[in-house]
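Chain naming follows the written order as A, B, C and D, and within any one chain the residues start at number 1.
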Amino acid sequence: MLYFSSDYLEGCHPAILDKLQETNLDQTPGYGHDVWCDLARERIREAVGKPNAAVHFLTGGTQANFAVIRSVLRSCEAVIAAQSGHIVDHEAGAVEACGHKVLTLPAECGKISAEQIAALVEKYRSDDAADFAVQPGMVYISHPTEWGTLYTRNELQAIHAVCCSFGIPLFIDGARLGYGLAAEGTDVTLKDIADCADVFYIGGTKVGALFGEAVVITNPGIMKNFFTTMKQSGAVLAKGRLLGIQFAVLFENDRYMEAGRHAIRLASRLRDALAEKGYEFYMPPESNQLFLKLTNDQFRRLKASVVFSFIDRLSDDEVVIRLVTGWATTPENVERLISIL
Amino acid sequence: MLYFSSDYLEGCHPAILDKLQETNLDQTPGYGHDVWCDLARERIREAVGKPNAAVHFLTGGTQANFAVIRSVLRSCEAVIAAQSGHIVDHEAGAVEACGHKVLTLPAECGKISAEQIAALVEKYRSDDAADFAVQPGMVYISHPTEWGTLYTRNELQAIHAVCCSFGIPLFIDGARLGYGLAAEGTDVTLKDIADCADVFYIGGTKVGALFGEAVVITNPGIMKNFFTTMKQSGAVLAKGRLLGIQFAVLFENDRYMEAGRHAIRLASRLRDALAEKGYEFYMPPESNQLFLKLTNDQFRRLKASVVFSFIDRLSDDEVVIRLVTGWATTPENVERLISIL
Amino acid sequence: MLYFSSDYLEGCHPAILDKLQETNLDQTPGYGHDVWCDLARERIREAVGKPNAAVHFLTGGTQANFAVIRSVLRSCEAVIAAQSGHIVDHEAGAVEACGHKVLTLPAECGKISAEQIAALVEKYRSDDAADFAVQPGMVYISHPTEWGTLYTRNELQAIHAVCCSFGIPLFIDGARLGYGLAAEGTDVTLKDIADCADVFYIGGTKVGALFGEAVVITNPGIMKNFFTTMKQSGAVLAKGRLLGIQFAVLFENDRYMEAGRHAIRLASRLRDALAEKGYEFYMPPESNQLFLKLTNDQFRRLKASVVFSFIDRLSDDEVVIRLVTGWATTPENVERLISIL
Amino acid sequence: MLYFSSDYLEGCHPAILDKLQETNLDQTPGYGHDVWCDLARERIREAVGKPNAAVHFLTGGTQANFAVIRSVLRSCEAVIAAQSGHIVDHEAGAVEACGHKVLTLPAECGKISAEQIAALVEKYRSDDAADFAVQPGMVYISHPTEWGTLYTRNELQAIHAVCCSFGIPLFIDGARLGYGLAAEGTDVTLKDIADCADVFYIGGTKVGALFGEAVVITNPGIMKNFFTTMKQSGAVLAKGRLLGIQFAVLFENDRYMEAGRHAIRLASRLRDALAEKGYEFYMPPESNQLFLKLTNDQFRRLKASVVFSFIDRLSDDEVVIRLVTGWATTPENVERLISIL
């Protein structure tokens, strides 16, 4: 079988495992107070262009999402997200379990706009609503989105501006950030992300690490005592150095970006082959996730030799599936897949 | 410097890293649905003597504690714990953040008794209290306790019996279980733990793993949809196999128990040397954590060459500190420490 | 000005105030343990035809909604509701503040169907979703709905049946139940409500009481320790007899039903006059709330002499407003309103 | 039987019921936006000497407590309270249900001191604790306390000063404030309360109202969107005027203070008689609650003709009980009670 179901099928970048071996019996203090975490923080601050940013390491995306959100929001505040946002329907109600509602906006190809956000905030802040409805307290977007699509720099700046005008922080979920930054034709850089977001995270789990997300806070005033909130959220790793080592290695020698570029090169090869063979994309193929429409026949045929994600059934004879490349996908497997398509 | 501050200073048992290397580019499904998790579950079920137990893998203790507790409790129920219990004052209010109060009992050397539990439940269930106070919904104990002490089999069975009589589940936090089971003179086996607890976990983070706790549910009726609650708690690792591999390796060839025995041998050597040199123990030295009283002079002198945990100041000239051995502590370092004492 | 903006503009049925005067200096135990609460419970059990139902008195609807919901649901469970349901966007996130997500269904005229519920539960229980999404744990409907519409007995029975088949309790919000039961053409009786719902409440605040909702639990097994959960929710009135007196008076001499019939008679008179004058209803006018479309001109004209609820703007020249009759509306005011329309 | 078990046995001050009768069919907007609430707010602002204070009306104490606390605290913050504080063990875990831990201090006669608070905050803010323990975010005290005792002005000012020095708001629960202010020998005025507290409430339920607490916020910056949080907490009464009328009446013609003085006069008479007859007080009898030690014989004898509160059993032959006078207690009943003692 060929596996194209996700970008977290394999372990991690070999350089990480080597470093784990090399340092295995070193003794370090726990909870992120070690030299590796310090080094990783330094490299990340440098890469994002924010020398004063706070950087924290967590083990996974759901954890990072709810820890950040509960740290920012007050008791009757809610987070705004796209209906397709990961926090809406894929994290088992983690945000609500922290006491906060998710206010959803219909998304176009996974993206929401500054205008939509402004209209929603105005509606909830109006006299009629403010007494009886939750108050928008932050905005959550994913880049790339859950549909693999990308915001443009203009779009991000517009969202940033509207958030500023309402005094509402912007949180960018970068679980697949490396693939977004390496995408063909994107004009968004890591520094743009850091300039637009009050808090965001750089995903490691899906981009070359064994696990781990680096939360970068560029506006620390909004998240008092975040480390304590992490602890409360079960999001502090005892052997914090495991996260420090991973991000220190990924942010050395351009490894993180190269992991992204590798997956994008293969995704582009696959995208072109699919287009050539007449497959129809359900979403614009902008990063390492490709969403295709298949007939039932195509679906059955592909399923016989390829593992992929089933997304939705559109009609009696039409389904949507997802093919994903990652930092560890091999060109050989992509060619094999193309030959089957 | 000599490090005796904790049992999570180093990485992991070399056999784990070897297996991570060996399998690094294997492709597996995520979230615990892989062959390694299956193998680890099988070995754990065998080791605990419960062929039908549910076994789940989480990354850390705080996470395991609150995920289990929120899964068991209803809206107005509370968990009973020793005042010194880890969930009381070392997890940043994680249990309360899930909406549940922790009802504390004064602990003797970190332990609570069946009698104390019975009295507390009866008090809270009495007519006067039941309408206005939370209702005890489960009991939490640690084995070994936070003070390194151990329950006897009789004590555990008595607590189990009282819990049964009130229809309240017993949850055993085994963050250091390996050290407890390997302790000199204990009559408690892993199967006893599994017989007495409705749910417990086998700590990996402090006993040879990079990270990870194996939650074993012997009474699954009390924890409906626990996996979904794990997801809600940010406690599902995308690359679940990392946990599967670690526990599969630790529960092969007696490695988990041997890691415990190693630390206990060194702790016993240290304990005997301390006693001989006239140091006073603040708590009975029953497992791998030794709590000593030091004068200010002793404290200053030791601090110059040893890293340990400061616990409390008892008086103007008396402090309590903790020395810990672990699976990776070397006999050489123990001898060096003894020579300094 | 004429007030038709809601059914809670006035105080209460005069018989209630008389009884409060009469009993004012009586001394009774608090928290619902008094003779008046006992009497009210007895009358309500009789009226709903459930001699073994548990009956509790709370002061308001939001409180009743979240106390019931948190009492029924486990940690990763959610409540299903119509998108227009009161708990969705009119209670400031009270359900989410208890840790639970509200899963919304698109509503037709405020109503959801057994088929929609079944499809949603099946989707969330499917293998793909169950691990990563909240699990439906109960169904919430309002009768009458927030749009003043009514379920038929068949519709309620179908919803009840589908809930039973999935083992999910049905909760009926009866904030305006009196008006629903008294509506023209309805085939739903109070006993039908009690037969179909596992828990429901009989609204007093909007139907003749100063304040108060009577929660009736016909399936007590689903709500362990509900009184304690009420206390936790700030929903236990110290002078519980105030609620007992109100419901005892309302459920004596058919007063509750007569309050409903009075409002319905006036709503019907108003509905007929509106229809005759060519106004268009935005929702079928089935109980005491009438939703009309107005042009901007009509809106401005009406606003000059009538207080009503603005609901929504449909287009540049079209708005929706709500006119409401209640137990205290006078026929004279209805005639005055008609003369203005 | 003679009833001395609490100060909420009767209905309300007759002037309130008269006003409810008089205004019963008036039509007013809901949710506190009516002329009565405005009038009550004005009278309370005048009485407390804070023309800019925000004043909100809630129906009960538990509700007021948790709504205020959840509005002030951030995700990992806790509230400091006396071990005997009402929020600790008499409100069914309502604070924890909002996600916040209560950090308790041992109380002397129900009171905590500025020094205790300072020591606790310093301990939790220390480097060792701050990462792993909740952070103190506010202080809760009751005046009078749950044991009927009173802070002096100096004590309140010292607590206020220490709270200011740590940047932590002070919340005073005034469920029985009227009795505290009217107590013999107290030097604390309503204006002192308002000067020392960032937020406090004036209890109506126990001091002459049918129900209701007036939350006064002197430092509104700490409680963003409090009304929305009230709604989320089920603490907004639809017919808000019921609360407005009650507080407007109580704060007219000195009625609130006179209700307090009446109860205190009778409590003093009772206290003197008890002392004369040789009864021993368990707590200093400083306001309207008298805590006595009784032998088993005395207890049985009294129970035959008087309803009081059993508090605790001290030994085989000694119990603690509570006798309470209130705004509606009659001098005749006090004399009857004395004759029985």
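Here is the rule we use: contacts are C-beta pairs under 8 Å (C-beta built on N, C-alpha and C of every residue); 3 or more make two chains touch, one makes a residue touch a chain.
Everything numeric here is computed off the predicted structure, so don't read it as measured data.
With contact taken as defined at the outset, chain A and chain C are each touched by B, D. Two copies of one chain, chain B and chain C, touch each other, and the residues they use overlap strongly: the shared fraction of interface numbers exceeds half. Of the two chain pairs considered here, A-D and A-B, the higher C-beta contact count falls to A-B.
Among the remaining chains, the Cα-based centre furthest from that of chain B is the centre of C. Measuring from the averaged C-alpha position of chain A to that of chain B gives a distance of 33 Å. The mean-CA centres of chain A and chain D are about 49 angstrom from one another, to the nearest whole unit. Shown for chain B are the residues that touch two or more other chains, namely 70, 75-76, 91-93, 97-99, 131-134, 228-229, 231-232, 236. For chain D in complex with chain C, the touching residues are 3, 5-6, 8-12, 14, 17, 20-21, 23-30, 59-67, 70, 91-94, 97-98, 205-206, 210-211, 228-229, 231-239, 242, 328. Residues 31, 70-71, 73-77, 98-99, 130-135, 224-225, 227-229, 231-232, 236 of chain B touch chain C in their complex.
Per the touch definition, chain B reaches chain D in the complex via residues 75-76, 78, 89-93, 96-101, 128, 131-134, 310.
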